[in-house]
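What follows is one structure encoded as structure tokens, with my remarks underneath.
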Amino acid sequence: MSASGGQPDPALAMEMAKQEMDYRVALFNAMVSSCYEKCIDKRYKDGDLSVGENSCIDRCSSKYWQVTGIVGQMLGAQGAMQ
Amino acid sequence: MSASGGQPDPALAMEMAKQEMDYRVALFNAMVSSCYEKCIDKRYKDGDLSVGENSCIDRCSSKYWQVTGIVGQMLGAQGAMQ
Amino acid sequence: MSASGGQPDPALAMEMAKQEMDYRVALFNAMVSSCYEKCIDKRYKDGDLSVGENSCIDRCSSKYWQVTGIVGQMLGAQGAMQ
Amino acid sequence: GNVPAEQQQQLMQEIEKMQVRDSLRMYNSLVERCFRDCVESFRRKDLDSTEEKCVQSCCGKFMKHSARVGIRFGELSSEAETQMAA
Amino acid sequence: GNVPAEQQQQLMQEIEKMQVRDSLRMYNSLVERCFRDCVESFRRKDLDSTEEKCVQSCCGKFMKHSARVGIRFGELSSEAETQMAA
Amino acid sequence: GNVPAEQQQQLMQEIEKMQVRDSLRMYNSLVERCFRDCVESFRRKDLDSTEEKCVQSCCGKFMKHSARVGIRFGELSSEAETQMAA
């Protein structure tokens, strides 16, 4: 089920594509739940987002993305991502 | 490893059965930990459940199950479950 | 893909080795995050660990490990690990 | 990534599996969250109307929130790819 | 689900794998929870007797709790299936 | 475990997969944690310098913390194996 030579391994490429997807899904889910905690009023008076919540979500998404950049650089710099 | 025709795919049926199990296990685990937070006294004076804790667990399980129903309907209604 | 006789199944041995790894990784990750919550000052004045944090980490790791032992014994005793 | 053509189909199947798995996980976490935020009393075994309404609002809010983050996530990803290519 | 007979065995193996995986996950989360609730002081490297007793009670309570939720979960699942079939 | 020689290679591949998966998971949880602890205000869409510095310190602390727990984990595992063998 896996190429054992030195040539490029399709199963490996497949695995990497899968892991990239897994990673993006996990990143998105973490962004959703982090911004939910920061922005959403938990009294749940109704099921709509207020103007304030909507603009908080936009800024939160942007800041969250920036944090992934800083953390990525720091992990890369120290070679901690193996 | 997968049928590429239009006929029913045993690997797919297998996959669906597996995902159904995964889902039920995850649901059960979430119910356990949610009701633990709501019902259990964390002072841990002894290892037994009190009468109050036991009846709380029964009601909590019932209410948790009802919440899965409401959420399922809402996700279904908005086609958000893809 | 799986031996259907009674003899030892290499796929099973493989699966067990994989699950042992998974388990050790999960244990390590849980120890990291548990001791982080208990020991680390979240004001983040700088990126270094203080003397107090370092000794807290050592003791926390040791105590966490001891808790795995107690819980393991109790689950084993009651046969709850299936 | 650069996936050989003959594995594209397998990849599509993996994506489908992931989508099912992910929507079930989302469903589960939504139940957990709305239960935690909306149900506080255990003197009865049925939800009262306040709890029911709260769960519905929680669910509605979460879906709208999730959709909005999805749009932003898409924009931020495209921007990042554009910068990488430049 | 409707799984072809020849795949039943494979499904059983998957169930076994899941059970092992799930009991290990449960073990891990139990350690995490009881550690969090019972161990507060880090002035020594060994658990004292109060902490040990607390961990044992926590563990005992959790197992009883989990068993009880299991029974309720089974009942609620059966009810749901009965209603679906009706 | 006692894994047959011809499966060693497959096991090595599994270990590699796990390491990638695990480092991605660690990366994600680090972002989540440092975001949660460092970013409180949403009146602008860009991090200010205090937030940036906080994220860097958080990240640095977590990596040092994780490395130290790793050393202790290794020692505790070896001790346990020694005791098992005795």
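Should a chain be cited, it is by its letter among A, B, C, D, E and F, assigned in written order, with residues numbered from 1 in that chain.
By definition in this document, a residue touches a chain if its C-beta (ideal position, glycine included) is under 8 Å from a C-beta of that chain, and two chains touch if they have at least 3 such contacts.
Keep in mind that this is a model prediction, so the values were computed, not measured.
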Contact distance in steps, from subunit B to subunit E: 1
Mutual neighbours - chains that touch subunit D and subunit E alike: B
Farthest-lying chain, centroid of Cα atoms versus that of subunit F: B
Subunit A and subunit C, separation of their C-alpha mean positions in angstrom: 25
Subunit B and subunit D: spacing of chain centres that average the CA atoms, whole Å: 16
Subunit B-subunit F separation of Cα centroids, rounded to whole Å: 28
For subunit F, residues that touch 2 or more chains besides their own: 10, 25, 29, 38, 56, 59-60
Subunit B, residues touching no fewer than two other chains: 22, 39, 58, 62
Topology of the chain contact graph, where touching chains are joined (line, ring, star, complete, other): ring
Going round from subunit B, first to subunit D: chain order: B, D, A, F, C, E
Subunit D to subunit B touching residues, read off their complex: 9-10, 13, 17, 19-21, 23-25, 27-32, 34-36, 38-40, 42-47, 51-52, 55-56, 59-60, 63
Complex interface listing, subunit A residues touching subunit D: 10, 13-14, 16-18, 20-22, 24-25, 28-29, 31-33, 35-36, 39-40, 42, 44-49, 53-54, 57-58, 61-62, 65
Subunit D-facing residues of subunit B, complex: 2, 4, 15, 19, 22-23, 26-27, 30, 34, 37-39, 55-56, 58-60, 62-64, 66-68, 70-72, 74-75, 78, 80-82
Residue ranges of subunit D in contact with subunit A within the complex: 1-4, 6-7, 10-11, 14-15, 18, 22, 25-26, 29, 33, 37-38, 54, 56-62, 64-66, 68-70, 72-73, 76-77
